[in-house]
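Handing you a structure now.
Chain lettering (A, B, C and D) follows the sequence in which the chains are written, and residue indices restart at 1 in each chain.
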Amino acid sequence: MPLSLLLSLSMALLVVGLHAISAARRTGRSQQTYGISLVICVILLGMALVHLLSAAAPATLILPLGLPWLGAHFRLDALSAFFLMVVNLGGAVASLFALGYGQHEPAPGRVLPFYPAFLAGMNLVLLADDAFTFLFAWEFMSLSSWALVMAHHRESANTRAGYLYLVMACFGTLALLLAFGLLAGPQGGYDFATIRTAEMTPGLAALALILVLMGTGSKAGLVPLHVWLPLAHPAAPSHVSALMSGVMTKVAVYGFIRIVFDLLGEPVAWWWGGLVLGLGGITAVLGVLYALMQHDLKRLLAYHTVENIGIIFIGLGLALAFQGNQMYASAALALTAALFHVLNHSLFKSLLFLGTGAVLAATGERDMERLGGLIHPMPWTALAFLIGAAAISALPPLNGFASEWLTFQAILLTPELPQWLLKFLAPAVGALLALSAALAAACFVKAFGITFLGRPRSPAAAQACETDRYSLTALFTLATLCLLAGILPGLVVDGLSPAVSLLNGGARLPVQQSQPWLTLVPVVDVKSTYNGLLVLLFMALSGILAAVLIHRFASHGVRRSPAWDCGFPDVNPAAQYTAGSFAQPIRRVFGSVVFQAREQVTMPPPGDGRAARFEVKMRDPVWDYGYAPITAAVIAISNRFNHLQYLTIRRYLSLVFGALVLLLLGMALWR
Amino acid sequence: MHGLEFDIAHLLAGGMVVISLLLLYQDRLYALLKVFALHSLTLALAVGWQAHIQEAHHLYVTAGIALVFKAIVIPIALYRIVRQLGIHRTLEVVGGVGRDMLAGAALVALAILVMLPVTAGTDAVAREDLAFALAVVLLGLLLMVNRHNAVSLVIGFMSLENGLVLAAAGARGMPLAVEISVAFSVLIALIVIGIFLFRIRERFDSVDMQAMDAFRGGRRR
Amino acid sequence: MSGALGWMALAALLAVPAGAALLLVGLPSYRLGAGLNVGAALLSLLASLILLWIRPDANLYLRVDDFNIYLIVLNNLVSLTTSAFSAGYIAHELESGRLTPKYLRFYHAMYQALVFAMNLAFLANNIGLLWVAIELATLATVLMVGIYRTREALEAAWKYFILGSLGIALALFGTILVYLAAQPIMGQGLPAMAWDQLLIHAHAFDPALLNLAFIFLLLGYGTKAGLVPLHAWLPDAHAEGPTPISAVLSGLLLNVALYAVLRFKMLMNANPSALAPGPLMVGLGLSSLLFAGCMFYRRGDIKRLFAYSSIEHMGIITFAFGMGGPLANFAGLLHMTMHSLTKSAIFFAVGHIAQVKGTQRISTIHGLTATHPLLGWGLVIGVVAIAGMPPFGVFMSEFLVVSSTFTRQPWLALPLVAGLLLGFGTLLWRLHAIAFGESQGTQALGPAPITALPMVTHLALVLVAGFWLPGPLVTWFQNVAALLG
Amino acid sequence: MALMHDHLMQGGQMLLLLLLAPLLTGWVRTLKAQLLRRRGPSLLQPYRDLLKLLRKEVVLADSASWLFRVAPYLIFAAIWVAAALVPTFASSLPFSWSADLIAIVALLGTARFFLALAGLDVGTSFGGIGASREMMIASLAEPAMLMLVFTLSLLAGTTELSAVARFMLTADVGLRVSLALALLALIMVAIAENARIPVDNPATHLELTMVHEAMVLEYSGRHLALIELAASLKLLLYLSLLGCIFVPWGMTTAGEEATAYLLGVAAYLAKLGLGGLLLALFETSIAKMRVFRVDQFLSAALMLGLLGALLLFVSRSL
């Protein structure tokens, strides 16, 4: 019975957390905690893989917990197995990384108990099969991750981030609660089996969809519900940031898929797809634009999470649109693209966050403007980070490109859709997707170039040294996976096809393994194909060929000398290009529109000794127009009501008196 | 004969309403106390009459309680308190007596409007008594709301209790539990209030509630 | 035989606290007093547990039924833990010289009197007796709120006393009206005031009279339950009295008042042509919820803050019962229980915090989790639990309330959800300031871990209830939910 | 045998590209010189430059890292592979299915990515200028390019180039507005991507407006040679892309006899020559624009591409 084993392993994680409470003080216990978590995650990962590849039948289990008359339902099917794989892969690698990184933790007592609990919460969400258990695990996940965000609570910024995070999480849960209320109906049939069979009117289903978008979107970071994400993810310790950004957002995506594709099920109104598609496109572009404006490495990565969530939701929106028109073959392609990107993003985002963790541990700096030249002291970290950066920038032959290529192919099928809105929307979203991909490349040239290349901008960066071997192992595990998923996409596509067919009325992509050279052939009759393996081979061959020839027949002498730089090399590292200056052209092009970015140069007159100043003022439109008014309103109302605390007894009496008279009048007039 | 019974009950109950209005009218503490004594006296008579026409003898006890405690003991006690506290004689009425009288009249109307249709089931005496009792209760509340002074607040509360007793007496065959509880509560109330007034005496220079409102909870924080 | 045992237990429930109260008045040593206090509470808890299995059949004054028995057990349980907490608390108050042994005698006596009154209120089968008991409880708490005799304390007690007796008066009028409605049908005398009898005949009562009665009863007992706009006494009474009393007020007395309201709601439901009490209760509940949510933000006093949280949750519970139906009623009952346990736990923590920090000002309390981990995390867990997050019991009740409401009355669910979110946000804002950040103020040593036992016990109970409810309790809730209709 | 032959074909094309690329560059330079009434260098000057650079030793800046040394090979490989996947004189080459037009665009992106990183590596201000501007330009040029891909794939039903080329040869293309828009967009993108006037000036140095040259400023010797070669390969790629999409005539399909191949090669050379001429004419007739007007130039291209795609999306359903 694999399911019971999965559950007991998740429980074991909780126990580890409890044990860590007592153990946190003592040294070496962090190693223990992370070690056990690593082992458990690996086992869970293996079991999930087995279930997914063996295409086993769904297993269910009911425990006498949760809602008394309902019990806690658990279920393991292809979809949850796929996401279990994603979650536990991330968990395992993060734990491995933490074996080394955890020793730099200043407050282990605030991390160790909650880390395994967080993992357990995510696993339970994926296994839950009734509304109560689902929300229970969901909220538990939020709570434990909140505790991890608050680990370094002495910086007021972190406290604020944690607060915003918890409130947004509560908002999301309430939205989901309402959605489940709709799905369950007045009789309160909260278990998913009942919900699947229940009939819903289109209006209610649409309402449920919107609520689910709000609920899961607020956790996944859909614009405009993303505001908490770039604050909260960086605030946590880096391996937790990797989990939150790389994995927890995927759990949110799972929630969306589970409820919308599985529970709501057919029939799907066509405009659902349009809605999700549009949100995804906006999220993708805004996310990467925000990221370009950041100097804080972790916050930059967090904003890229927003972007990639947008890409995933583009795929999901396309799938909904196709399903709404009974085009299941195309829907299969879109779904595959989305799920594939889920996996890819979890890989390279964890990789990047862990790499940032290594940098943080080595230099104590997150601000790119104070880093630089790290490729010299920590070449291996640099290499891993470079692979991650190339992958997230969708460069062939790495995995990011494979999934985005599939998404493009799905968009190219949209002209078959009958609805005009979708016809216009799809190419526009395609343009947005292309734009976000290109901007992402720019952003990671900045991230990698400013952080690792050039010359160190601060003594901390100059004295950095290579990170420990646990961390390096974790980094290169992920880097290898990125490369493999990139050159063998066919295998991955076949691997997640059971999940796709589960959600897609049995329709799935053609089997890829039979193709020559493991080429990716999304739709049989359309002749668009891509083969990462061959591309890699060609590049390797030609590159090596060139190298060999040149070194064999031409010179291979090398002479070191100061930089040329057109004759006047600047001795001061501060004269290098900074993150801000690198982003300036793009800020001028896009930022002036989106963020109302204003540049202000104050140049002292000649002879004046004072330094010239250059300031950039930017506004966050989402916050300024979405959230600030709400908070202001709440504060205003509170201030207004606050007087009621200070009335005289007479006034309070007259309140009661008024209530009484009012009700009596009501009585008198009622008849 | 029934007519007479009814008229007398009506007269007494109505008298209580009028006296409640008089209470509203007072703006001097001693006068207020005297009128309140009158109020309680009328109550005693009304309850006694009810006992007579209902042949419910336990009601005589209630009447006695009302007479002894509310008409005699309490006013005297309060008189003492007022004198030994030496609190200033006049009590400012919040926004004019005239407005109070208007509000009072409106309340009486409301009480009758609410009560008469409701109690169609029970007999006429109970209906009258209940309507007037409700009026007395509301007027007592108005008195509490419209006075700054602690003592008059207490008196307002008492007249409200009087209204309750009237209602209880009006309800045929209401078990003794109620009267006991009423008397008992009034007793406790008196004691507590007494304690309070003295405590307040320890802390404050006057029983004027405005003095206490100065320290309303939370303001200092 | 068993019946006899039942009656003995029942008698013990009333006699033990009463006797203890009388004894405690005369007991000079406060240590002995505290011990006796705990002992008496323990005894009455045992008695209530006996009643759990053996129920004497009702007479015209007292009765034990499904509804009140679990409230009685809860009542005595919390009063036991609170007395244990107060033993440690009071000792510190003596050291800090805020209380003198003379007052302590008084305090312990009043504590037992309060327990007696609340037990009586639950056990009463006679609406007059119920009223007397609640009056008694009010007076006892008034005296205890004023016990510090500071200006603020006196004023809070005064406010509480005036508003409380007004509520009591209104409730009495309502009671009389109920009797008037019953009397024509059931004839004069005691039966016309007995719950079980009333319920049987309620269908025949004059609906108009019942409606009027319910208005008075709702306002009267609603004042005791601290429903907005009748709540004014509650925050100050919580903030100025000794913390154990705040715990008892929030955890128990509010329940008593709500219990009374529910009894009369059952009466209303039993009469087909009377107006449905639901809308009134829903309205009061929503107003309390939203109002409290708005009040958190500006609170500077930690005890007042959580007093407002009590108002909020009374609002939620009233809302749930107002909605009615098996799910909502179940949720309401569960929420009552969970709120009692959690809120009293929070007040235990707050009491220790206030003593350690020597102040109740939030602005001077920061980073508790760093300086006093036990208290700090205890408070965090308590607040997280009361805010309705898993793995704690309140989550289940809020889950049921919200989801069941949304399918039946979507437009009611929206203000409900808005209120919940508002309250959550503003309360958590305060919590973050208190529990996290750079620590300020005195770094004085926290109380001995053993004194935190009551808090830990409550939190543990709430935690367990979060994912597992024992079967008997569930069947109980379901029966009562059915009774409440 | 046939398979062998196909692989020969593929290899032949790759070599041909390698050989032709400098010649094309030289051709454009000579033409420009002539147009400016200068004698100008000979056609073979680029070859001489490359050989000279190859023989020289590399002068590395002290702060240069391993990435700086690896980048040239990566860039060269990526661009060469991309170029090899564009049908030149023969469509449907054996490996043409291994990457479609999207992949080709992405491969160019890879090359750009590493070029920009190399520009940042030494840590000089000029490198930074070049890198940041290059990425800004690319962030607009790539989407425009992909819009072009949309348009083509909507017409041809595929994103694979040789299939597109074959489709363009057939009659049922017709004259379409969106094709014209796509052509315009592609030309603009090509100009930007190859750092030609008016976006950038390939012949300039020590000018704050330069983009491409600023990135490769620190390179020397064989590295510089590789990068120069890659640059001219890129130019060749774009020209042959234009050729195979918009003037596919004379292109042979694999598996025909030698004469056909000769014809195809001849036609291809003719196209290149013409393309070079047009480019030279254009470049001499226009002045370079300010860097911060480039974005308008390219967003115009993007809009054109999007417009073309939209027109097709709509017209498809009519």
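What we mean here is this: a contact is a pair of C-beta atoms (placed from the backbone, for glycine too) under 8 Å apart; a residue touches a chain by one contact, two chains touch by 3 or more.
None of the values given here were measured: they were computed from a predicted structure.
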item	value
Most central chain, Cα average position	A
Maximum inter-chain contact count - chain pair	A-D
Approximate Å spacing (C-alpha centroids) for the pair subunit A, subunit D	35
Separation of mean Cα positions, subunit D and subunit C [Å, integer]	78
Distance from the mean Cα position of subunit C to that of subunit A, given in whole angstrom	44
Subunit B-subunit D separation of Cα centroids, rounded to whole Å	100
For subunit D, residues contacting two or more additional chains	none
Residue list for subunit C, restricted to those that touch at least two other chains	158-159, 162, 166, 208, 211-212, 235
Multi-partner residues of subunit A (each touching 2 or more other chains)	645, 647, 649, 653, 656, 660, 664, 667, 671
Contact pairs between chains, per stated definition	A-B, A-C, A-D, B-C
In the complex, subunit A residues that touch subunit C	64-69, 72, 131-132, 135-137, 139-140, 142-143, 150, 153-154, 156, 159, 162-163, 166-167, 170-171, 174, 177-178, 180-182, 184-186, 188, 190, 634-635, 637-639, 641-642, 644-645, 647, 649, 652-653, 655-656, 658-660, 663-664, 667, 670-671
Subunit A-facing residues of subunit D, complex	14, 54-63, 65-67, 73-74, 76-78, 80-81, 84, 95, 97-100, 102-103, 106-107, 109-110, 112-113, 116-117, 120-129, 131-133, 135-136, 138-143, 146-147, 149-150, 153-154, 157-160, 163, 205-206, 217-218, 221-222, 226, 291-292, 295, 302, 305-306, 309-310, 312-314, 316-317
Subunit D-facing residues of subunit A, complex	372-373, 375-376, 379, 382, 386, 390, 393-396, 401, 405, 408-409, 411-412, 414-415, 418, 420, 423-424, 426-428, 430-431, 434-435, 437-439, 441-442, 444-446, 448-450, 453-455, 517, 519, 526-531, 534-535, 538-540, 542-543, 546-547, 550, 554-566, 569-570, 573, 575-577, 581-586, 588-589
Subunit B to subunit C touching residues, read off their complex	114-115, 117-122, 126, 130, 133-134, 137, 141, 144, 153, 157, 160-161, 163-164, 167-168, 171-175, 177-178, 181-182, 184-185, 188-189, 192, 196, 199-200, 203, 212, 215-218, 220-221
Complex contact set, residues of subunit B against subunit A	94, 107, 110, 113-114, 117, 138, 141-142, 144-148, 209-210, 212-213, 216-219
